[in-house]
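Consider the two complexes below, in which subunit A is the common component and subunit B and subunit C are the respective partners.
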Partner chain A sequence: MSEPRLAIAGLAIARGALALGVAATLALSPGGAAAQSSLELRARADSAQRRATLLREAYRRVIEQDAPIADRTLSLDGVTLRYRGMDLGSADSVRVVEGVTRGLARLRAGTGAALPALLDTAAWSLDVRRRGPFGSSDLYVRDGRTNWRHTLKHPIQATDVEAGLLTRAGDRLVERTEQLRDRMGWFALRPDVAPWGEVARRLATNWSAAGRACAAGALASCRLVLERYRPKEAVTRYFEPRDYRDVVVSGASSATDSLFFASKARCVAGADSACARIVRDITPADPFGGAVRGTLLAHAIELGGDAAVARLVERRPADADLEAISLLADAAGVSEDSLIASWHRRTFAALEPASGAGVPLILSTVAWSGLLFVASRRRRYL
Partner chain B sequence: MFGQILYTQVKWSRAAVAVLSAIAFVLPALLWRAVHQGWMREYSALEVMRGFAVLGPALGVVAFFVGFILVAQAWAADAATRHVYALSLPIPWARYVALRYGAGALLLLVPTIALWLGVMLILSLVTIPESLNAYPGTVTLRFLLAALFSYSVMFALQYLSGKRAAYILLTALVGVFAFSLVLGLAGYGEVVDAVTGALLRWPGPLAVFASDWMLVDV
Partner chain C sequence: MNALARWTLGTIGVAGLAAAVIVPKTGIDADDPRTREREEAYRAWQDAVVDVRVASELAWRAEAREAVRALPRGPGATALVRIDARVPARVATRLREQFDAELRALGDGAPRHPVALIVAVIDSLPARSDALYARSATVLPERVADPCAVVLLTPEKFPGRAGIAGTQRLLGPCAFYAQYGTPSEANNAWMRDTRATAAAFRTVPHGLAVDAKPIDLERRGRYAESSLLDILACRAGDAARCRAVFAPSGPDGLLYSDSESEIRRRVRDQDAGVLLRQGYVYDAGTYVLRAGLLARLADQLGPERFGALWRGSVRIDEAVPQQLGRPVERWVYDEIAARTSTYRAGPTLPAVSVGLALAIIAAFGVVAITRSPRRLA
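After this line comes the complex of A and B, so read on.
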């Protein structure tokens, strides 16, 4: 039996014994509860309750914090990675090792000398748990702070482990830096994830005028989109009067007076003046989200390579005063305007027709239809 | 000879083609109306996208049925007379099949034109925001291609397997479903994903159904 399981069993036995002891004391003492003052009984019950709570806490710690005790440890390139896989066979173990090796190699290639700083905890751990008899698994990647959990539809593959490491490293990158915490980082180090087209579509159909203007090519609006979201100034920064109805419908308000709700009803019904009157009482939801802002981080890393990651990981006192865009432009080694302009080109280039659209699709469909037509003439089977 | 075959094709399938053409014509306006209950006011980009979101998948289904009906009606009419008409023609079977295929394929244009008219009608009623573009030609072309592919699959199935076509189709559908279910439960879901991807991604045969069918997009 492994160490955590022994500890868990021991705590469970101790907890049971304590409960029995309390019950026996209460039940078997001469005269039972009648022989004790109610105050004394209450004090004993409270004491038992406190000890039970302490035991429950200790039990929870064993389960939640001490559980990922390593079964195996890998040290590659100066990085230690512990992993364990409950119910995994040797073939799964081989895949985990392969995934870890590939993931660390990719991280090393993408982050260069910044890797040890990025993985700045003593060790990461992987935990693979098979969920059922048909091969699906949960992959947990822990780095001492938070967990990243990914449910797999199939037995663990090396690519899953690799993706898990890269995802968690991207998250760590934004968690480390105050200015970047409002954006998603999980895809920043994963070239296999391409959120660009989705981001472009979200901006072009955005309910804020700033988002739509950015899609139309106004780089000043793109700057607003990519900066930190400021909810208190949102109505004036991101929206135009014709957006106010959407703001009123979807935003949150602390107003509870009937006048507000009457105006809101008129606004929803189409009265623009009512919308303008109450829109300042509304806190709109973030119209862009962390994914949109996260693409600027991914783009800065694309431009600057591993030097950009090293620059983001490095902490300088002067960085504390920089806005996110300045920090990312500095990391990418370009000016802010240049970074925003190239981000715009990169994002909206994703909307250009991919292979398989237009003429190639026509040709392939006609070719498949032609093949079927030729096949259908081959025999007569009535 | 092609004129005669086309005449019989029109005669046998005109009712079904008329119904499907009417559906293709009204579908864009009908689906918009179901989402927005009107078309006179100015809509935001997101509302416009939402109004046409279901149109693509719905047109894919209609395209499939157009192909299916054109094959099934012609075959059923021929089979009712035990193919006497086809076999009495002074041409080889392969040529007859080619003419029959061509006649049916030509009729695919009727619902396609109806769809184009319906699409132009709804686009004239709805104001498209400046950040969006309308793609009536692309959607209509996709519809034609999807109907052509669906027609070709059904035609090949029918003319290769004769009266057993329905059984073969049913068996194939059940077989594919059972196969993917078993593979998925056995932990080989990625195999199913890979096969599905190969069929749906260009240059796979079903790529036209999986391609972008948005009437209005960025």
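After this line comes the complex of A and C, so read on.
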């Protein structure tokens, strides 16, 4: 029996003994569980917690020792990746290698000399887990810091692995830089993801005045949107009095007293003064989100190319004092105002094709109906 | 082989081929012993996690129950307040004021049944993941003369966290005891058996104030309380579920995971009179509808008739027909129907869409049949 198997057998015996112990404690206690004191029940919870911890470790060992693709190492282009795979067959291995190769090539092209810094991890693991007998599977890409999960509706493909590498590299880019941690980086290096249209729609229909003004072309408001998010100043920075009702209705508050709720009811009923009185007690949800701010990073990389990534990866002492926009403008090699203006053009240009894209529904309907109608009138087709 | 058969077989063949190419394959062999081993190990771990939660939930209940048993017993209806000295003064003062205000709102004079507010600081065990949270519970009387108690439990690290959410009233179900006096044995048992599901408050909590307009049952969130499903079934005409809305027999609570339902099922039969409160309400409209049913009954009957019902020897759900002249299922249905929009059970498309689609198909069908050179005759 191999060592992992022995370890699992040992754990199985240990967990059986623990289970017996818990059962015996319950059986011997007078009156059963219902009559147990809080002290006994807390001890029972404690014991159950220890047992759960042991079983979690046992599960991890089963997973780790059960890897058809175990500890493969790929050294490509100066970067070494180690990976393991669960639920992967030998045919999948070829696709994994292809995906890693393509991902590294694309990263090398997009990040230049900064690539090793973005993949500076000891080990990567690829782990495919099934979600029920007929369900899809999840691909986890781990690099010792965080997990990236991707739902697969098909056997693993090279593109899945490639996307995994690009995603993690983008995440690493924002993780490494304090000023960028409030924004998403996962799509910054992925050319197949285009968040622009969604971001434009989100801002155009935003519930904050700053978001709507940015969509209307006010670049000063766009600067507010793209700067680091400041939750404590959110009400004053992003909202105007006419937004207060929305803030009160949807924001979170720790107040539980009846005065607050009475004012809230009056505010919802239409009393602006009541809204203004309690809006400071509300913590509104972030009206933009990390995705909106993340598009500025993606745009800076579009403008500056691999030099921009290298500049972001490189750490200079003076960078610590820079705000996110200054840092990104510096990386892109343009001024802050120019970066914001071009970001605005890039983002809202994505709205234009959305309105007229695709075959109009009426044409599609008429075409199909006509086709079936003609077919029904021609005997030779049947 | 005629043309129709050729077309049919051809279509089936092409569809089969397309399915063979398109239908996803997981690449995982369910019969593989390694897959089974992984699943068993995972299942054992998840079962153990459920065991932890069950033990922890029971421990919270036992702590609440023991705090009430330690109260002094004396004659007469009183309002007792016991607050641990470690609770910050501002929190203690706020809770006392809230307790007094809710009692005053129920009517003149002292409560007609002993009620208690207990704020206890509990020491936490490192293994308990929930040891950082404050919980609140209602302890219904074990024996009918016992006090009805509100117990706020807060961890020793954070004694200032004692309190309730805006979705709750501090008195909770104890408000009925305080307002209408000691209930009969039968009705105290009814409250415990149903876990006061339809009696969570006497007046709607401020945090749950909902619009007066009908609740749209078609629109609901991803998560749901069990009350929503019972109300949907009742609104669709299932009389047994209407009774269950008022007097449920199954476990209550959230339905977003099997393990959560399992925890509630296992905890339910132990310490039945201790109700751990849930702070967050996912669907305020339907929650208020159900949790406020006993309060609605009290409003409809008036204090004298409801008081007699409360103290009478017949269980409330069985006494409703006599008092209101209709079966309890009917009364519950009427209450729900008055506050909700029309609801039809099962998946459905809007009637307008269905009508339009059928009209278009019929129009093409008529043209095809009447204008076709191939007459079916």
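By our rule, the second predicted complex is superposed on the first by the 271 of 382 C-alpha atoms of A that agree within 3 Å, B and C clash if a C-alpha of one lies under 4 Å from a C-alpha of the other, contacts with A are read in each partner's own complex, and residues count from 1 in each chain.
Quick note on the criterion: contacts are C-beta pairs under 8 Å (C-beta built on N, C-alpha and C of every residue); 3 or more make two chains touch, one makes a residue touch a chain.
If you're wondering where the values come from, they're calculated on a predicted model, not measured in any experiment.
Once the two complexes are laid over each other on the shared chain, residue contacts for A:Val334 go to neither subunit B nor subunit C. Of the two partners subunit B and subunit C, more residues of subunit A are touched by C. Once the two complexes are overlaid on the shared chain, A:Gln49 sits against subunit C while remaining clear of subunit B. In the superposed model, A:Ile156 makes contact with subunit C only, not with subunit B. Contacts of A:Ala285 after superposition: neither subunit B nor subunit C is touched.
In the superposed model, A:Val97 makes contact with neither subunit B nor subunit C.
Of the two partner chains placed around the shared chain by superposition, subunit B is the only one that A:Ala215 touches, whereas subunit C remains out of contact.
In the superposition on chain A, A:Ser364 makes contact with subunit B only, not with subunit C. Touch criterion not met for A:Leu322: it reaches neither subunit B nor subunit C.
In the superposition on chain A, A:Ala307 makes contact with neither subunit B nor subunit C.
Contacts of subunit A with subunit B, set against its contacts with subunit C after fitting on chain A, overlap at residues 135-136, 153-155, 369, 372-373, 376-377, 379, 382. Residues 134-136, 153-155, 157, 200-201, 204-207, 212, 215-216, 243, 246, 270, 351, 355-357, 360-362, 364-370, 372-373, 375-382 of subunit A are the ones touching subunit B in the complex. Chain contact summary for the complex, subunit B toward subunit A: residues 41, 44-46, 49, 79, 82-83, 93-94, 97-98, 101, 129-132, 141, 145-146, 148-149, 151-153, 155-156, 158-163, 184-190, 201-203, 205, 207-208, 211-212, 217-218. Contact residues on subunit A toward subunit C in their complex (touch as defined above): 15, 22, 33-34, 36-38, 41-42, 44-52, 55-56, 58-59, 62-63, 66, 87-89, 92, 128, 130, 133, 135-137, 153-156, 255-258, 260-262, 264-265, 369, 372-373, 376-377, 379, 382.
Against subunit A, in their complex, subunit C makes its touches with residues 3-4, 7, 24-28, 30, 34-35, 37-38, 41-42, 44-45, 48-49, 51-52, 54-56, 58-59, 62-63, 65-66, 94, 101, 125, 127-129, 163-166, 206-207, 209, 269-271, 360, 364, 367-368, 371-374.
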